[in-house]
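Structures incoming, each one as structure tokens.
The two complexes that follow have subunit A in common; it is paired with subunit B in the first and with subunit C in the second.
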Partner chain A sequence: MLAPDIILAAVLNGLMTGSIYALVALGLTLVYGVLHIINFAHGATLTAAMFAAYVAQTALGIDPYLALLPVTLLFFVLGYAVQRFVIGPASHGEDRNILLVTLGLSIVIENAMLAIFRSDTRSIDVPYAFESIDLGFTFLAVPRVAAFGVALIVALLLGFLLRATDTGRAIRAVAREKTGAALAGIDVPHIYAVTFGLGAASVAIAACLLMPTFYVTPRAGNAFVLVAFTIVVLGGMGSIPGALLGALFIGVVESLCGLFLGESLGQIGIFLIFILVLLVKPTGLFGARA
Partner chain B sequence: MLEVKGLVAGYGGTEVLRGIDLSVGAGEIVAVLGANGVGKTTLNRALSGLIKPRAGSIRFEETEIGGLKPAAIVSAGLIHVPEGRRIFPNMSVRDNLVLGSYRRGKPGRQANLERIFTLFPRLRERATQAAGTLSGGEQQMLAIGRGLMGEPRLLILDEPSLGLSPLLVEEMFALVARIAADGLAVLLVEQNVVQSLELAARAYVLENGRIVVSGQAKDIAADPALKHAYLGL
Partner chain C sequence: MIRAYGPAIVLIAAAALVPFAITANTVLNFIVFALIIALAAQGWNVLGGLAGQFSFGHAAFFGSGAYTTALLQTHWGVNAWVAFALSILLAGAVGWIIGFLSFRSGLRGSYFALVTLAFAEVLRILANASTFTGGAAGTLVKLDMGPANFQFASRAAFVWIALALVGFVLIATIAIMRSRFGAWLTAVRENEDAARALGVDTLAVKLKAITLSAAITGAAGALYVQYYLYLDASIAYGPWISIEALVAPIVGGIGTAFGPILGAAALHGFGELTKLFAGGIPGIDLVLYGLLLIATIAFAPDGIMGLLKRLASVFDRRRTR
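Showing the complex of A and B:
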């Protein structure tokens, strides 16, 4: 049996990985909740944001944490524009078409990055990459603790936005009743685009938090989105608290499985949970019935 | 206040409205009557911008609004309370009402919320409850309340009595009378002929996408031949 210290350390590390998953899952679940589609371009968007943070650091000398705000804003605007001027018009109001358009977009984005950056694995050097906090029984990497803190704040802000602002209310309204929303004076295409922008912004934040300790290749984002998809199903499609709690839980599961089964088998637990949820409670922990 | 001339509208290859002329004056209650499938809902959808008119003009307070987006039409003060309520079932009663003032009436939001809770005490009791858990009658009140939150100059009520029990239908018409008593113009689109004619000053009868009868509500109510021919009474 392993010492409790080691298990506790694995749990803490899992929570920190989970917080990054949470940001990716929040974007995915938000877009699903409103547009009722899985955004297949989510992974490519994450990768693009990671390259943005990479370029900011290597070409402009901007630290990823300082780049967080401008990159997030940039991706919000890009996400807004892509939904408003590409996905929306190309889908002619059919949800199925949106799905295919995002799939097409992901191919375009990935190959554009492959053309620009090649398939090399790239990472950035930051002076604090290996700084850690000594808890006595384990060390926590500073960039991962920072990511955890920022991710929680972002999740809370997003929750506040949806609950307590007119734009947030409009997003929730459009999610369930498009015609009613339009008749209340809500500009539905605008709200769709805002939602898409928020989804892109949340992966942009994840990208900036990841870059100090992670690497980027033109397909780097996909691994995260695959896990995020499991989280969204576990938490309930469209549920914000479900995505946050599900992500932290999945992060811990992955970490503990890695501890007990070996690092390379860490993700087995995630997919076992995925299958179990689909079998036992397909609506997820916080999901509404269809 | 509302002047509709030669309005033609439809879906795909089907023309549903084939030239509608209609007007509503300030503070007036006007009824549009007709059976299912004569074009009442299409008329409302064209007036509120959900579909684009194919021909004709819709002037609201001296401005052409035909073909504008729904949000712009709401901004102008023409608010449509749709058939089937179309409330936001996943949101609280209060949030539903608040969204009624998303585009228009934002400065007066708190005062209007209070006014609507006074008008519909039931909604106050259920303010924090999800709107989808309300009964049909309560949902209709909520839909009307949400419409009033936008401080309409003209309110279109599309089948407000549909699916309600006879007692609630009475209540609903009494309520429409009370709202209109404050000087709000109402375009009441209904299948419920008898009560609509009692309430409205003027009425139009729609058949096959055309207005076949128009006039004072009391004259239409008093003409048995007319009622028999077009309204099945």
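Showing the complex of A and C:
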């Protein structure tokens, strides 16, 4: 049997990985909640944002934490524009087409990154990358603790935005009943695009928080998004608290599976949960309807 | 009869003549690869196009077919032709199991897409970690040229075999579309609830569709192994083949018999041309691939077949005027 210290350390590490998953999953669940489709370009967007943070640091010398705000704004605008001018018009209002257009976008973005940056693994150097907090029985890396904190704040802000602002109310109205929302004077294509922008912004934040400790390749985002699919389904598609709790839970599961089954099988647990949830309770823990 | 099957027979016969005219290995290589993709896409089309169930994980079937044929030969020395037949059966069984689990739970749309994706990923991780499948290093099938071993020195032989399989599935697809089963598939695709209300056993219809679909895509996987004699987890169960199997029918014309073949030919024809002109840049051909998918959905929702039909009707109108 393993010592409780090691298990506790694995759980803490899992929670911190889970916080990054949470940011990726929040974007995905928000878009699903409103547009009722899976955004297959989410992973490629994460990759693109990681490259943006990488370029900001290597070419412009801007620390990823300082780049967080401009990169997030940039990706909000990009996400807005892509939904408004590409996905919306190209899909003729059919759900299935939106799914396919986002798949096409993911292929385009991923391979454009490959053409520009080649398949090398890239990472950045920051002075605080290896700083850690001593808890007595284990060490916590400072960048990961920072990521955990920011992820929680972003989730709260997003929740506040949806609850308390006019735009948030409009988003919820469109999610519930888009025809009714349109009749009430809400500009539905605009709200779709805002939602998409928020989704892209949340992965941009995830990317800036990841870069100090992680690496980027043209396919780096995919691993996160497959996990995020699981989280979104587990938490209930469209549910913000579901995505947050689901992400933390999945982070811990992955960490513990890695501990007990070995690194190469660490993700098996995630996918098995995924399939089980889909087969047994596809509405997830917090979801309203399938 | 001739009206229904004539074009298919003419197309296959014409394609069978190509290896007599062209002997360049690069071209024949390209044709075999495009035919393997076309076969995988024909499989996807039975489930996605005819029954309207969009799978994002056809790699699960491609890989199962591929691994069956590779492992039966390397571990137990089973004859390649026997292994090929068994791999089709096993891929069909995998399709039935995945279909049974997900259709019985009533998964549709995005949920069905995700669960198929997850099954393919689980299989990929398992195949990558297991020593039985050769793990990350992959599996090599022993080189032993000879018709008895399903290995041919001439690439033309592979063109004909792949063409025979594609042709067989093409004719079978047309036959299905003209049958009662085909009408049930259409009913399930267009409105599943209404179909059930009218007495169609939708679960049985969908199960039959996914089993057939998986068997066909599994055959493509087995053919891949027989041609390249090498397999690893990311080839067998990687997302690339799920995407190929799905995009080709959509670009070619979803739910049509010729769509998957036209789509595979067009996408890979374009890809090869791009590589020819912009060869040095990796990924540039796939950028075009993605753009072609988006453009198809935006401007030609019925794919190449839809464009051809539109062209034919314009031509007809001119002639009768």
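Going forward, the second predicted complex is superposed on the first by the 289 of 290 C-alpha atoms of A that agree within 3 Å, B and C clash if a C-alpha of one lies under 4 Å from a C-alpha of the other, contacts with A are read in each partner's own complex, and residues count from 1 in each chain.
Everything that follows uses one rule, which is that contacts are C-beta pairs under 8 Å (C-beta built on N, C-alpha and C of every residue); 3 or more make two chains touch, one makes a residue touch a chain.
In this text the structure is predicted, and so the values were computed from the model without any measurement.
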{"item": "Touching partner for A:S119 - first (subunit B), second (subunit C), both, neither", "value": "second"}
{"item": "Contacts of A:P89 with subunit B and subunit C, given as first, second, both or neither", "value": "second"}
{"item": "Winner by number of subunit A residues touched, once subunit B and subunit C are compared", "value": "C"}
{"item": "Contacts of A:A181 with subunit B and subunit C, given as first, second, both or neither", "value": "first"}
{"item": "Which superposed partner A:L226 touches (first subunit B, second subunit C, both, neither)", "value": "second"}
{"item": "Which of subunit B and subunit C A:A170 touches, first, second, both or neither", "value": "first"}
{"item": "Residues of subunit A defined as touching subunit B within the complex", "value": "166, 169-170, 172-173, 175-177, 179-187, 288"}
{"item": "Complex contacts: residues of subunit A adjacent to subunit C", "value": "32, 36-38, 86, 89-92, 95-97, 99-101, 103-108, 110-115, 118-119, 218, 222, 226, 229-230, 233, 237, 264-265, 267-268, 271-272, 274-275, 278-280, 282, 290"}
{"item": "Touch list for subunit C against partner subunit A, complex", "value": "54, 101-102, 105-107, 109-111, 113-115, 117-119, 121-122, 125-126, 128-129, 239, 243, 246-247, 250, 281-284, 286-287, 289-291, 293-294, 297-298, 301"}
{"item": "Sites on subunit B touched by subunit A in the complex", "value": "48-50, 69-71, 74-75, 79-82, 85-91, 95, 98-100, 102-104, 146, 150"}
